[in-house]
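In what follows, a structure is listed as structure tokens, so that the remarks can point back to it.
A, B, C, D, E and F label the chains in the order they appear, each numbered from 1.
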């Protein structure tokens, strides 16, 4: 009786003076199991939205991480061009993702072809002050979601720029970036994250080992093959290393990427409106860090054992491979599982980098081993810790996405190659893109006035 | 007047400079170079690919001295730069036909 | 009856056991229109305070961004000095803003001259644990507000350091910084953000295109003119470019500034206690990013068209100009408007940099085009998207602030010039400030032991 | 009567429909004094957990800060090795802290020796979705706490790497790191932060001037002494300076560390679930920034006065010393006290750096003055602003921790020295560790293809 | 003995080194320099201001060889460094009056 | 033919190049070096420790000219590089026995 009475009491109060306090959050069941109860939905909205903004600025900063990593790993004569490509690709992605990408990726009910091809429209944010809007208080603001998702899209393009560095022409590369970020990436991302057919199939990819990293990796692989290796890289059957010009910057870039990854994976929880969700984000942060560490340590040990001396650039790649590996499922693994997943990622890098060289595929910064191979591994590894994933679905999803990206990006690469050309001429490549294409050097040195 | 071109190991720079100062040498030019020689040619591995390191960092000095001082200078360099290990460097001596101090226009030995 | 009863019920409860849960937030009206209801005021206080802290550390990091940008754009022989100036100016701003600046800027009811000259007193924060305090739960902690505002003040000084680089003496520069951050900046900032007469006039400057950026820009302009150009910069009627020593650092600095700007503009929403406010912050993040991207892309395209080769340093400046342009109103524009606003900012830079050179005003890093010209443009552009702004008020406010800063900073520059002198002697400038004034080099190079 | 009735009403409601809203937080007393009331415990849990995650990623980024600072202050021939050490030590700390360290540090009720030696077990996080867990809603998620604490542990190891740079062998150093982060650091940290005997004694160390910084400093001191100075550093009774190779990176590293310190000190408030707590965090941010600024300004002024020219590297060290000094008590000081505390820290550095040189203790980056001496000063300075601290307890705690760390780390250093050796051979040191131990250079320079 | 000073395009370094090794040259010094010559003088634009690029990156080699080997060495350099385009570089030959190997004190041709 | 080795202050590079161009010199090599001379030896303090700065940044030029042009070139350098302050630099002249243009194989004065 008291119970019933109490409930009635609440109902009355709720109707009158506490309309928000009692809105039922969708997470209610879960939250209650965890020994707590409902949150005011608006509070949850603020939490999740702010979490997206914080995660989003972390992922934004990855643009700087990629820029520094790549500037550090190319030769001195191509540094300014690599920096130019990085800031230009991020800027173009920022524009074209709102012009086309976002609604292609998240069509809601507006699919052009159901579950396959999203909506064609420019992104609109909520009105100022939510004036006249009915926001979905159980989630987050559209603006924060857009901001967060944009950063993933831009990251995909950054992956490509590293692989094709030191020989691709600026403008054709940027045209590719525009198509990648406005069409190719959003379409395949809609299949999983937009609620399309891969999602319906039960494909599991928490933060994008496949949707982001392998997509960038496939596009990079196709680009690197179609473009061909740098002059002199493979001559007389031997690989000529072109040491990176600035390993301090490469290390800084790796640390920045590692930092950004907390936003990348943590934000992909998509909710921070309950104790359970924020606790999950904590797991994700811990697992992400552990996997990166394991990747770095594995590369350290393996290069010491295989080559007698550790290889810093491999350790950097190893950390990144650890990060990519855990990205498909940063939540369910234990710390020990995360260690193993990341460790395998680090090992993949150590073996795949020279393997690509044997295949004469010239990937300047190791983007393909890190993002594609470790991305595939991470997507498969989901089945070890997440019961919702099936090996078959994971594999077929990897293949579907891979086939789509390879075909579409190869079409673009070839179309560019046949029309405007994608490769700088030999003299430009020899003298360095900085002087030839930009007319400036990254480190002009000569300390004359 | 002689121009002594001496290639040495980088960490020996200060000792060589002191040894030369001690015998009265008052100027020199220091170049950071890469040297190729007997010491070169060991292999390293970068990202899984072997390559031979053909060039090792060296310091090259150019020192103009009065001809009479050349032998002392050579002696000062060899004794201060020597470690006894491969790669200690070489000294080459060339004739200088003329020398000028930019500041004053002084010529030849006065220019030093 | 039920209503009344329910309300009474609440009132009783509230008095007894839920005093905070029902405090009416000032945003109530707005929030309810948006379909939600009140928040517990303490929760709102935590949200807004934490938002200030997060925004504040982002803006803090802009100090590193300025340092890297400037270190990258000066010549190698002046890098260590530029770094010294940057860390010193930030540190001095940190001290003098609490000693004098903050209460001059935010006098509350304590104006010395109403709406014109604030209070002279040292900043005090809330007591530990709010012991004995009555915090304004509808806003945020004083400590967080102080922290956030300090960073804006320091940014103003950073703007100046770039323009007068490579020739100004350290100590006179630092004296200028002290006066700028403790007096000049706070006084004019009080006129708008402290609720002074510009605010009363209806001047709109959301995050400081005028209050921060043009102020730094005017002070920089006066400084650059009074100081004169670097030796050899303009000789025989020709401009001699002095290429920046390290474009990697300059690019890193730009990305760091871009990152910090999310805190700069986002935090200027000043509230994160409702769904409407956090949604607005999301809009601001998205617009800020879009405008920066548009500035970069515009500079990329324009330098390609005008000079046949893209200019990386212009692209970096373009991104920053996009950021400055949107700063006066990052909330009301749509993404498309933000693109246009930022794009114009980028164009301003491309045309203004050589224009200043023609006027023989030597601005080493492009601070004047970026912060002053784009700042003016951004302040004017408010009228296109925010009905509360009038062109007349915007223009007159720009002029009032400009006149005040030009007069006051010129007085300081001239006073310093006539007394201790502001310019290093010719030999110091030729040999580089690093060796002459610091006795150390940024990149000593010589790899001897 | 009304009161009682109201309370009953609440009690009933709480049992039925609002179980969380009325959980009594431990801060209740405090919060109410501050004019507010209870928060919903789950909200507090989310706030505090998210605060740990944000603080944690800031402290994570300090790993990059240390790496850049150290890479900038070593000579060019040892840069790649210093970078390798930094990423490796962070990665190993990440693994060994979960394998052993965390539960040794926070045994809860599981002490192996009560208040002296914690628990030996692998860290487990909360289950996914808190499924089946009973989280402590008055605090934060274990995952976030682990993540945050790990970063402190890793920072301790980073401190050591700078002092012993340019001559220590990679693998013995990494073995030391493993023992430091899995055993030495956690054990002594348990004494204070795990609720052990130092805590029981009333030792006050808010964020770790002693627990983190002096521990790293003692380990660094022992290492530097046992290792001996770099070849040629002290010859013929004279100190030979070995200028840092890249002061831009050193400055960047300092700014990154400064940024990270907001998380370091701010997060150590440990709660953000009330207005009082978030307001305290704001005080901490402001004091931390002020103290850093004061340290930098003091070093600037002192080096100008003592040496006639400012010394940028001392200014950087001064800022860091200011940060370390305030770390033991960033909450209770006023801004003025924070200025004095940090200023003394900056002065300590200026005098201690040459003093160590006179003692022929070769500390490459100034880690011992910054972290040990300023750490001791900061721990003592607590007594000036926090009544809960007694000078006797502070001093004896400093000594106890110091003795433990010196003995344990010396044992490890000596064991390593006698077995595998800790110092590279003379030729390796002369040629640089990069080429000899890694086979690569950080800045290979030669711009041939 | 002769000192051959050869300025070449940077990307030709490895080929030139190999060509010289092939004829028995066992040492050289490599300098990163900027060259001024026919190739110089194109204009670029930096921040809107035109300037002429007077100096282009080059590699300068100094190679001491026995006089008898000089012509072969010159031939090896010209054939390996030649691209046929402007800026391929120059070779200057000077007389060396004395040579010393620092490590052993060996003199003249023995020093090489 | 003569090889003129001239050490100058870095900020004088453009003036010297122009002065040399004006008299018909069409090529040179530019080295960034550190110089030791009368100008060196002032002490600085780094992290509290005194040390003498023995080396100051300089630019070294190597210019091959026909013998007949040597005096003019020297004059052009001294007049354009002179500031009258210590450290203005030195000029050394050496004999060149042979010169070759890599691109064409042209010899001696034709190579310049």
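We take it that a contact is a pair of C-beta atoms (placed from the backbone, for glycine too) under 8 Å apart; a residue touches a chain by one contact, two chains touch by 3 or more.
The structure displayed is predicted, hence computed values, not measured ones.
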item	value
Chain hops separating chain E from chain B, counting only touching neighbours	1
Which listed pair, A-B, C-F or C-E, duplicates the contacts of A-E in over half of its pairs	C-F
Selected pair, greater C-beta contact count between C-E and A-E	C-E
Centroid spacing, where centroids are CA-atom means, of chain D and chain E in whole angstrom	53
Centre-to-centre distance between chain F and chain E (centres being mean Cα positions), rounded to whole Å	18
Rounded Å distance, chain B centre to chain D centre (Cα mean)	47
Residues of chain F engaged with two or more neighbouring chains	11, 14, 30-31, 34, 44-46, 55, 57, 85, 94-95
Touching two or more other chains - residue numbers and ranges from chain A	9, 21, 40, 43, 54, 77, 232, 243, 246, 252, 307, 309, 311, 313, 430, 439-440, 445-447, 449
In the complex, chain D residues that touch chain F	239-241, 243, 306-309, 311, 313-314, 350, 353-354, 357, 366
Chain B to chain F touching residues, read off their complex	1, 3, 14, 17, 26-31, 62, 64, 94-103, 105, 111-112
Chain A residues within the chain D interface of the complex	2-3, 5-7, 9-10, 21-22, 30-31, 33-40, 43, 47, 51, 54, 58, 75-77, 231-232, 242-248, 251-252, 254-256, 258-259, 262, 266, 272-276, 278-283, 285-286, 289-290, 292-294, 296-297, 300, 307, 309-313, 315-316, 319, 331-332, 334-336, 339, 430, 432
Chain A residues touching chain E - in the complex, by the definition given at the top	77, 232, 427, 430-431, 435, 439-440, 446
Contacting residues of chain B [partner chain A, same complex]	44-51
